[in-house]
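Heads up, the next two complexes both have subunit A, just with different partners, subunit B and then subunit C.
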Partner chain A sequence: MDRDSIERTLRRIGLPVAAAVVALAIGGVLVATLGQSPFAAAQTVIQAGFSCDPGYCNVGGSLTLAAPIILCALGAVVALRTGLFSIGQEGQYALGGLAAAVVGHGILLPAGIHPIVSLAAAAAVGAIWGLIPAVLKIFLGVNELIITIVLNAIAGLLVDFLVNYPLRAEASTVGYTHVVEETARLPLFDISTKFGLGFVIAIVAVIGVWFFLSRTTAGYEQRMSGEATLFARYSGMSSTGSVLRAGLLGGALAGIGGGVQVLGVNYRVIEGFSDGTGFTGLTAAILGGTTAIGAAIAGVLYAGITVGAVNGLQIVLGVPREIGSTVLALMIVLIALQAPLLTRLERWLDRRRANRRHDALAETTAGKEASA
Partner chain B sequence: MTPTSGETPRLEIRGLRKYFAASGVLAVDDVSLEVGAGEVVALIGENGTGKTTLMNLLFGVHQPDAGEVFIDGARADISSQQDAISHGLGMVHQHFELVPSFTVAQNVLLGREPSRRGFYDDAAAERQVAALIADSNLDLDPHRRVADLPVGAQQRVEILKALAADARLLILDEPTAVLTPAEADDLVAMVRRLAATGRSVVFISHKLPEVQAVADRIVVMRRGRVVGDVARGGASDAELARLMVGRDVLLTAEPGDGTAGDTLLEVAGAMASPSADGSTGLADVGLSVRAGEIVGIAGVSGNGQDELVEAVAGLRRLEAGRISVAGIELTGSSPAAMRAAGVAHIAADRMHVGLNLQATLEENAVSTSFRSRRFSRAGIIRRRARRQFAEQVIADYEVRGAAPARVVESLSGGNLQKIVVGRELSGNPRVVLANQPTRGLDVGSIEFVHRALSKARSEGSAVLLVSAELDEVLALADRIAVMYDGKLLGPFDRSEMDRERVGQLMAGGVEKNL
Partner chain C sequence: MNIVADFLNSGIRLTTPILFAAIASLISARAGVLNLGIESKVLAGAFVGILVAAATGDNTLGVIAAALAGALIGLLMAAAHRIGVDLVILAIGLNILVLQLTVFLMRSYLGGVGTYAPGIDRIDAVEVPFLSDLPFASQLLDRLNPLVYLAFTLAILLGMYFRTRSGRHLLAVGEAPIAAAAAGLNVGRTQLLALVAAGAIAGIGGAFLSVGDLGFFTRNMSADRGWIGITAALLALNRPAFIVPAAAVFGFASAASIRLQAFDVPPNLTQFIPQGAAFVALVLVGLRAQSRGNVARLWRQSSRIRLRPRRSTRTSPKSENTPT
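Take a look at the complex of A and B:
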């Protein structure tokens, strides 16, 4: 490896890690202000989020939570890397989950096929929802950022309406859909934490997205169009095509995220299903440097800290679990701060080095003069 | 006038050195230089020879590893741009830093506005600037909005800005790169007038004729070192070019042998509306280019050349007219269809159009052919083939400082253009569109691009060369046309054309006996 690539790798991996460490340290200070030992808190979070005993495997719960986050993060990676600045993963996740619930309950299919068809429905609905901003961007020049914010709200409210009225299972205080058939559920490896096929699907998707972006001609075309639109068009690539594909593919991935959550964990959609999982995925994508592998690692970290904060900090230590989400939010802030801070640091170092050299030079000249 | 030994130079640089550890480049290697009061010193050299680094060291952008700077005999420690300005240095960059919606006076006094009772004092500002204009012999109107000014005048505003900060030494970084030939002539005259007022000027450039016209002394840099320091008239263009490159340079390419084949590109009755402010569009342009010939289009930029090239490349729709390649009509085809028909395109803007600077060299090298069997199988990239092709481009086109898997962003302009040319000329294109292929390049790279275009011609491509450099067109083209105001005059046989005749057509003079 030459110097360039070492430096690039360091930046790519070292900086997110540094952000995570600093955010965790600040979280520790916050815990200390509440009168608890930060080290005990850290131990509790790790214990509750990442440990595994024969009796109860905490890390299984974290990985279960990580699966939809990773899939939404992949949706964000595909969109952001290929020229569609979409933050619509939340809405795609919500509608994808609902589609899986409807197909999982409404159609009777054998066990092996039912989850596949249900997930396909989740992917299709997510893809359609993801296509809307792409079409509006191409044909009307609408800013996809604004559109996806609005589409997230629409999707969340649409899901709430549907589970309260047309799709409502029975009279109760909260609206929810019918429970999906046994045949549609994803197989579980560990009943207590619901750790099952969902996480495997997420990991397969990580490998698939990595392969697509770095090894296929279509992925290459997507990246070139996303990074340099004029260059892509000049080279003979279709920029409209790549924006449409970015919307479709990103939406499908986030939609599968919703499907995995419904078929693997919830088994139905309850009012308020749009609970921020898509946004968490988006931030995990950013923390992971908009790469598939990075998004997977960040997704597991996010899920573990969330589980650790809820089951550890809150239940064991009585520390509010919001500390967990605060730390996660701080990571994003620190990531955003890095670029400008690094530039300043480099300049400062540069100047210091020069001054020191100058001082040394002055000393030797002064010494010479004194001796002369 | 070279500073006499008794006189204190305005600027003296002693033994300046800068090593960039990150890239392992010794950018400035023990450079010493003097600039006298009222002296114009031209600093010339290929891209990436340390001219810009040297100026950045003077301006506090980088800190030198060794060496000292003296201004008017006093040692100057410059650690920021503000320091540089307070020491009487002024810099005019290639890209202007002006507020378009402000007037000339407001721009010139930005940051040191005169005020009365806490309010901006417009009258005082214009008085100050008018006095400054009169004092420095610049031709400007302080009331005008900068957005309404032509590029040449905007550059004068930048110069005036530096003078308003009491600059005694002006550094002009490739000042003529953005100017029309007439504006460039004005600039040269203006720099001479400025020098007459006692101010010193460092004039950074690639273009030898203008350097010869403007400078009292010419300093040549190569690989971070000063390799030549000659008084005006002390060296010919060829001698200076040899100093810059370190070997003999072919300043004039050989024209072809005149054996052109079938017509490969035909444009008829092309009409297009203007693409940008100050451009003219196309007005009934017809042209044909045959296999094995270079047709050169001369003309001042913005007279329709970009529109013509983009139309043939499939990047722009014509309002009327036809385009055919090798006898097949392709009017209104997409860029992909044009490329499939064998049209290669060396774009004028290599930074944003010709390359993706964030991508690696190998990714850039295959952008027009990544779907071919050579580079893909069943939708999967054939990485070894791609790597080999990238290595071949690096070797064949002498791309320096490059590796296939490295991002191209940090390469110099000449090396970037070699990647574009290498990609476009691979695979024997039928038609080659070369739009300003050597703009901003150093002498060595220009020679390289010229050789590559000549080679494409001898291998049977039909080459359409668009250039604002008259000498380039005269050196390479078998037939020469001139674009003026959206109309194409010609093409004429090379033998019928000389500098005067082309220059006259470029300026809009219609010739009678054609």
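Take a look at the complex of A and C:
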């Protein structure tokens, strides 16, 4: 790596990190106004979110929470990188979870196959829901961003309706489905935090998406149809196919996210299942620079801070747990704000370097002319 | 108890905040900015409104403060838009931020876990001189405060505004920013004013919820009304003439769902009607755009997420929809 690229990498990591630090500082000030030391608060968050004792492993809880967020984030990564600006992960997540609950309860299968079939159903339903905006975008020119807002609302309503009426388990104030069969549940490594196969599935998906986007021909076509549409079209790649694939694949990933949450943690779908996990995944994807690995890191960070704020700050220090999500939201806002500033800074640096080279070149030619 | 009057009354009261949000969304969309941050402005308005109303004891000041809070978020979005920030991401961040921050502040300083009830009086209903004495009309107009009338007046004023000179300029900026700039219009300033106005209107919508209708603040009080407002504006095809009926479809659908619960009809079944209608409307607009060229350009233009160019910044063409 030459000096320029090292400098560029530093800038591209440095500015977002600086934005995150500013967000943390504002969070610290908020904590300080309540009479608590911000450093003690930070320590508590890290301890409650990422530590592991033999008795109770906090990091297990964080990773359990991270699994559906990462899967939704991957769905967003695949869609965004292909140029399908879908924010429909929320709806795909909700319907995928419901599909997993239905198959997990309604069909009797042996233990090894049941979770696979249930997750396949979640993926299929998520993929169908993800395909709708892609089809409408390509064949009717409908704005996918706007239609996914409506699709999210419809999916949320649909889940709440189905959970309350056709699929309702028993009479109670809140509607919920039947519990999924024992055979359909994902195996757990740690009973107390429900840390289990769900996170492993998320990590496998991260590697899969990274490999697909960065190391395969089809993934290259996906990225090119998003980043350089005209180039892709002139070199004979089908952008129609890429967008449809992005809709299917992104929807399937977010659907599996819902399935993992139901089969690994909740075991049933309760009214209000669509609680913003898909949106969290979308923001994690953006924070992670719309890369698979970055999305995974952002997802774990998200989950850890959330768990740390609930188990640490609120219970130990008495600081309301919303501070965790507040700081995360501040990070999103500030990182969104720094992105164009970074572009401007780089453009300015490039221009300065080009000018300097031009001057140097002019000097040498002038010197030659003078000597001749 | 007249059921019809009661139903109409609750329908109008449920329509009002959605109408405020829909007008805010419409103004932003027609100025060429996709504004997904309405939710945060409504919630901020509800929170700031009741805080100021409780502190000063004056509901009018509360409403004004709510409008200022919404306008401030609008100003932030406008400034961010000016330097080329991706507004979709910023808006999603702002929505989460306001939701969490209001709960944090409420729990930290106001002592409420889920609700903050300072014991203020709601804004009084408007007494219409002659009608308020009639049996049917009095029930119909019960609890309808000035903000309700303000929402419907704003919808009419907006339709008239789009026929004025500066209204036409706003539409021109939204439809073709480059052409508008070439014609000498100040694109940046127009969009800034539109976003600030949209923020103020959404903020008043929030104040209607807390100060106006209920007299207390609850966690996530806006409850997706900002998003519903955006959808209502879409259902109205972003035209002022359709904005009241579109918002009313949503408002009366929720009023109907409350009524129909007595007959064991699923409560959110009626909500499918407006959402489904919005979906169909969007598809139809797409169909029409397909046959008539670029009618939907307005919607598409403002919503391109610009992902950062990954390989080289030198070769990246400047996005054409960020006028500088």
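Rule of thumb we're sticking to: the second predicted complex is superposed on the first by the 330 of 372 C-alpha atoms of A that agree within 3 Å, B and C clash if a C-alpha of one lies under 4 Å from a C-alpha of the other, contacts with A are read in each partner's own complex, and residues count from 1 in each chain.
Here, contacts are C-beta pairs under 8 Å (C-beta built on N, C-alpha and C of every residue); 3 or more make two chains touch, one makes a residue touch a chain.
From a predicted model like this one, the values you see are computed outputs, not experimental measurements.
Engineer: Of the partners subunit B and subunit C, which touch A:Glu227 in the superposed model: first, second, both, neither?
Structural biologist: Both partners, subunit B and subunit C.
Engineer: Should A:Met237 be classified as contacting the first partner (subunit B), the second (subunit C), both, or neither?
Structural biologist: first
Engineer: Considering only touches as defined above, state whether A:Thr173 meets subunit B (first), subunit C (second), both or neither.
Structural biologist: In the superposition, A:Thr173 touches no partner, neither subunit B nor subunit C.
Engineer: Of the two partner chains, subunit B (first) and subunit C (second), which one does A:Thr217 touch, if any: first, second, both, or neither?
Structural biologist: Once the two structures are laid over each other on A, A:Thr217 reaches subunit B alone.
Engineer: Going by the contact rule stated at the top, is it subunit B or subunit C that touches a larger number of residues on subunit A?
Structural biologist: Greater contact footprint in residues on subunit A: C.
Engineer: A:Val333 in the overlay: touching subunit B, subunit C, both, or neither? Say first, second, both or neither.
Structural biologist: So A:Val333 only meets subunit C here.
Engineer: Quick check on the output: what are the common subunit A residues between the subunit B footprint and the subunit C footprint?
Structural biologist: The answer is residues 227, 350 of subunit A.
Engineer: Given the complex with subunit C, which residues does subunit A contribute to the contact?
Structural biologist: Touch residues, subunit A against subunit C: 30, 33-34, 80-81, 85, 87, 136, 140-143, 145-147, 149-151, 153-154, 157-158, 160-161, 164-165, 226-227, 276, 279, 282-283, 286, 289-290, 319-320, 322-323, 325-326, 328-330, 332-333, 336-337, 339-344, 346-347, 350.
Engineer: Can you check the complex and tell me which residues of subunit C touch subunit A?
Structural biologist: 34, 36, 80, 83-86, 88-90, 92-94, 96-97, 100-101, 103-104, 107-108, 224, 227-228, 230-231, 234, 266, 268-269, 271-272, 275-276, 278-279, 282-283, 285-287, 289-290, 296, 299-300, 303-305, 307-310, 313-314
Engineer: State the interface residues of subunit B toward subunit A in the complex, per the touch definition above.
Structural biologist: For subunit B paired with subunit A, touching residues are 22-24, 62-66, 77, 79, 313-315, 334-336, 338-340, 345, 347, 349, 352-359, 363, 367-368, 370-371, 375-376, 379-381, 383, 403, 405-407.
Engineer: Enumerate the contact residues on subunit A facing subunit B in the complex.
Structural biologist: Interface residues on subunit A, with respect to subunit B: 2-5, 7-8, 215-218, 220-221, 223-224, 227-228, 230-238, 350-351, 353-355, 357-358, 361.
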